[in-house]
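Shared chain: subunit A. Partners: subunit B in the first complex, subunit C in the second.
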Partner chain A sequence: MIQQHFDTSVKKWRVTFIGLFVVLCLVFLASLAIGSVTIPLGQTTKFLTGGEVENAGWHAILINFRLPKALTAILVGSALGISGLQMQTLFRNPLAGPFILGISSGAGLGVALVIFIGFAIGGFFGIPDFARNWLMVGSAAVGSFLVLSVIGVAALRVRSGVSLLIIGLMFGAAVSAIVSIMQFFSQAENIQAYVIWSFGSLGSLSWNELSVLTPIVVLSLIYAFALSKQLNALLLGETYAESSGLDLKSTRILIILNTSLLAGSVTAFCGPIAFVGLAVPHLARMLFNTSNHLLLTPLIVLLGGILMLVFDLVAQLPGSDATLPINAVTSLLGAPFVIWLILRKNNLHYSFDK
Partner chain B sequence: MNKIQLLVGLTILIACSPPEKAVQNELSLDHATGFHFEKRTDGRYLVIDQPWPNAKKTKEYKLDKPLQRVVCTSTSHLPFFEMLGSEEVLIGFPNVSYISSEVFTERAEQGLITDLGPDGGMNIELLLSLQPDAVIAFDAGGESGNLDKIVEAGIPVIYNSDFLETSPLGRAEWIKFFGALLGEEQKSDSVFSAIEKEYQRLVEVAKASETKPTILNGVVYGDTWFMPGGGNWASVFYENAGGQYLWAEDTTTSWLELSFEAVYDRGRTADFWIGTSSFNSKSEMLGSEGRYADFGPFAKDRVYNYSKKRSPTGAYDFFESAYARPDLVLADLIKVLHPELLPTYETVYFEQLK
Partner chain C sequence: MSLLQTHNLTIGYGDQPLVSDINVSLEVGQLIGLIGQNGVGKSTLIRTLAGFQRPLSGSISIGGIELTKLKAKAVSKKLGVVLTEKPTALNLSVLELISLGRHPYSGWLGQLKKEDVAKIEAAIVQTQIHHILNKRLFELSDGQLQKVMIARVLAQDTDVILLDEPTSHLDLRNKIEVLDLLKKISQSGKAVLISTHEISLSAKVCDLFWGVDFGVPLEIGEPDKMMFSGKVKELLHLEEGVI
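Let's look at the complex of A and B:
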């Protein structure tokens, strides 16, 4: 009887994962095929299968623009989604997310420091690409790690989840204020480099930058999967987690490290991307009715990737030369979806609400 | 008795006639479409047809005595004061560090021009203490809250909407707006005629060009490339300089927001790239976005920016003085596109990026 139940459940999840993977592939293909410049679908598939594309311009657009952007979208969606999941579980709070807890602001402060100091010392853009990329990621990750650590320390003292969120919000506000003061004292062109970054962008990553972002995100995602059991234990309460032999302190630090690498590296390269980190974990829990991190982690990786690709497709406004800012699209399309889900389910389904 | 009655009647009639009714239009303007003068029974009026974008109503100012103490809010208005020899009329400016002009920078250092807002805003209390005759302001987005406050305090605000003009000469003709307000009408007329004549001479010179090189403009911000529309000031310049703007068929007078791949598709084949925002060298451009290297002008070393004349603080003088001197801009562009037509000319604003 138990064996039978287990079998159907395994079968169900297998179908779900294969289904999501197929959807991801389809959306990926669509995001390669659709854009301001019309490229026939046949040519896109030819490009993907390694064939010769008729028009050299199309080839250049596919290889230089659409492919890196689609890959970036998948990485961003997955990384922010997982980072949101870890924060929500760690702080046992459904409102936690990279944006709300000030992690994005922390990363922003790191990037701003690098840009402004880089320009002050002389020639930020003069630093070799590779070194500059690592510098940006490093400083963003350090920035988000510091913010998260402070909140983590506060979490030890403050039990109430709401107080913790307020501390996060205050921290985010203070960090943003520091950045605006730095902007006030710096030259127009330094500000421009920072402002461009702060718009949020999926399409500005070169292959060079992707070669830095991809390994960081992929390794962190694998590590996040490895942390699933500890996260599951945390979900059942800290006393339970401790009694089951979990070293709470080191687990906390590991999760914070993992999540700040994910959110920090993505924010460093793509700027602050709103909504995804907060909402994707909720969507995954509600759509698939599970709070098991062993399942949620791969689900969110797939779902985050799919959603980000769809958001980017919408931002392209297919058929026109114009584009929308990606941040506007993520929030505009995402928010009603989450509201609809909550209304349909009539509550947020969390085991840590109990 | 009858005569007196008639006289009284007439006076009442005149007094009751609506002041809006124009008696006659005088001093016709040849290029500017945003303002005109009207002679009425009670004096001469300066009428701003569209004080801000999409304004429903006009603004009118009675021209009685010339303004003696003026505060203005845009650096692009400063050259007009200089050209009319009315430098001493300017007594205040928000953020004098933005000013490139040597004359006004010096006057600010001597304390003859009060800095009304080092933070870029306008310090209303300081403004009131200056007691200027008027503030010459611009309103690009219908956000006139601050300006309304100045009016409430009893200081007239005169709206200047030269930025809505779509032709280079039209924008420069706003010198007559300043001429009328500062009591230097004849001078403004003669200065403008000279500029107009020189501009038209240069247009004829450019007509001798055998080729019409294609021109690309702007840089990408995040995922969006801000490109002047085909009806924009810039597009008219390129046409007059014997070039062909790649987006010339477009009719937008403001800016287009294009996706990078749309610009990439069309812009790679351009002959010239003119206007690269705050990038003053090719290596800086490549540092921020490697895909710029694929553009034709980049490989052929035909990238130009308006960076030749800069203030000590790094501000581009182009944005301050170029609107008033379309003849210089046109000569510069001809020199860039067809150097053989102006062999001895040295550019004022544009320089080739290395």
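Let's look at the complex of A and C:
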């Protein structure tokens, strides 16, 4: 009798997953074809299947710009969505997101230090582009790792998740304050460099950088799926989870580690990309009406990828040469969508509310 | 057969003992009612027995092994709880919640084996909740939710079940149904401990009362005897002539 319930739900979900995957492929194709120069869909498909593209310029655009950017968008959307999901479940808080524990503040501090100190010693803008890129990526990674280590030590000591959340928030605030002080005392030129980093960017990754980011994100996503059982137990509340045999402390550390790898690596390469991590888990829960992490994890990977590609398409302002900062587009388009969904469903019970 | 035993157990917070030198045991087939005023330490005793909170002194053993020597997973196969707090994610379906009761046994991703499904099914049959399996938790009445939480702990398949005020917020009919259900569960070979303010109803089903009061040792007695001797009134500080 019960077995039937499980069987029918497997069939139902298979259709959903295949549908979402098809949508992802279509949006991916569109994002390759559309931009300041429109490339015919036929040529784009030919390019993807390894055929010869008629126009050498188109080939260069696809291989050097659009393909790495589209892949980055999928990685970023999935990684931030999953890390937001983990933080919301771990802290039982619908307002939690990937950066709630101060990961982006830490990355920001790292980048700010490199920019401002580099400028003070001189020559920061003189070194080759690719070296400067890696320097910024490295410093962002070190910055977020340092913040994370402090949070990790705190996670071992405090019992309640809420205390940990507050420690994370306080730490993030203090770190941001240091960046503000540095900005206050610096020249317009490095403030601009920092602000541009903080807008986020999907298009700045070379194949070289992508070959570092991809394995980190993909492995972390696989590990996130493997954490589904623990995350599901946490849906009961910490006490019930513990009485179901969950080791709270080690689970918490593993989840924080996983989230920092996802959010930290993305932030290091693309800057602090706002909104996606907070909103995609809510969207997935509302659209597909489930809290089960075994389902939510693949759903969010697909949905996060799709949305990020769409946001990037809009940011390109197709047909024009101008582009909008991706951070502005994610919130500008995403916020009304979430509000519309909440109003339409008129249902506040979908995640954590009593 | 004793499933859970305490040895000179003292419970409380910090250096403030609530109840001292508790020596009790939970036996197979027993349904025990823990009674006492608000704030006297009923929930604290349940939390301490479940291992969520350290005892101030003394020890607890489950199936002859000291609780502190057992890993969380081993404890979860011997002792289950139903607490006053609701689960955090109220959009879980009833079936999903009950399935989570199999957490200590299911595969590394939570896959259910034949045996798991059979236990879940048995829990559903015992609590008679077939008709609400696909409902979400937030759609349930308090009575239904309590039965679902009991089904979850049944699916966890433990010898000992501790329930903190399982009848609070329920109407009379649901109180009776839940107490009746707990009685049947204890008779199926488990030991069940409930904390309750529902003295007269629980006296009908409980095998023993454990009475707790400020600053005195825990009292053990048969419900009828404790009621007639005036012990219950004394424990709850009820004045003569009230009701």
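Keep in mind that, in the parts below, the second predicted complex is superposed on the first by the 267 of 354 C-alpha atoms of A that agree within 3 Å, B and C clash if a C-alpha of one lies under 4 Å from a C-alpha of the other, contacts with A are read in each partner's own complex, and residues count from 1 in each chain.
Convention: contacts are C-beta pairs under 8 Å (C-beta built on N, C-alpha and C of every residue); 3 or more make two chains touch, one makes a residue touch a chain.
Here the structure is a predicted model, which is why all the values come from computation and not from measurement.
Undergrad: One more residue to check, A:228. First (subunit B), second (subunit C), both or neither?
TA: second
Undergrad: Of the partners subunit B and subunit C, which touch A:60 in the superposed model: first, second, both, neither?
TA: A:60 contacts subunit B only, not subunit C.
Undergrad: For A:200, is the partner it touches subunit B (first), subunit C (second), both, or none of the two (neither)?
TA: Once the two structures are laid over each other on A, A:200 reaches subunit B alone.
Undergrad: Regarding the shared-chain residue A:331, is it in contact with subunit B (first), subunit C (second), both, or neither?
TA: Neither: A:331 stays clear of subunit B and subunit C.
Undergrad: So, A:149: does it touch subunit B (first), subunit C (second), both, or neither?
TA: Touch partners of A:149: none, neither subunit B nor subunit C.
Undergrad: Identify the partner contact of A:245: answer first if only subunit B is touched, second if only subunit C is, both if each is, neither if none is.
TA: Second partner only.
Undergrad: Looking at A:292, would you say it contacts subunit B, subunit C, both, or neither? Reply first, second, both or neither.
TA: A:292: touches subunit C, not subunit B.
Undergrad: Which residues form the common part of the subunit A surface touched by subunit B and by subunit C?
TA: none
Undergrad: Considering the complex alone, what residue numbers of subunit C touch subunit A?
TA: Against subunit A, the touching part of subunit C is residues 50, 52, 71-77, 79-81, 83, 85-92, 95-97, 100-101, 103-104, 106, 108-110, 112, 117, 120-121, 124, 133-134, 136, 138, 156.
Undergrad: Touching residues of subunit B toward subunit A in the complex: what are they?
TA: Subunit B reaches subunit A through residues 119, 220-224, 256-262, 264-265, 268, 277-278, 283-284, 287-291, 294, 313-315.
Undergrad: Can you tell me which positions in subunit A touch subunit B when the two form their complex?
TA: So the residues of subunit A in touch with subunit B come to 35-37, 57, 60-61, 64-66, 123-127, 129, 132, 184, 187-189, 192-193, 195-196, 199-204, 206, 208, 271, 315-316, 321-323, 325-326.
Undergrad: Considering only the defined contacts, which subunit A positions touch subunit C in the complex?
TA: Touch residues, subunit A against subunit C: 1-3, 5-6, 92, 225-226, 228-229, 232-237, 239-240, 242-247, 285, 289-292, 294, 349-354.
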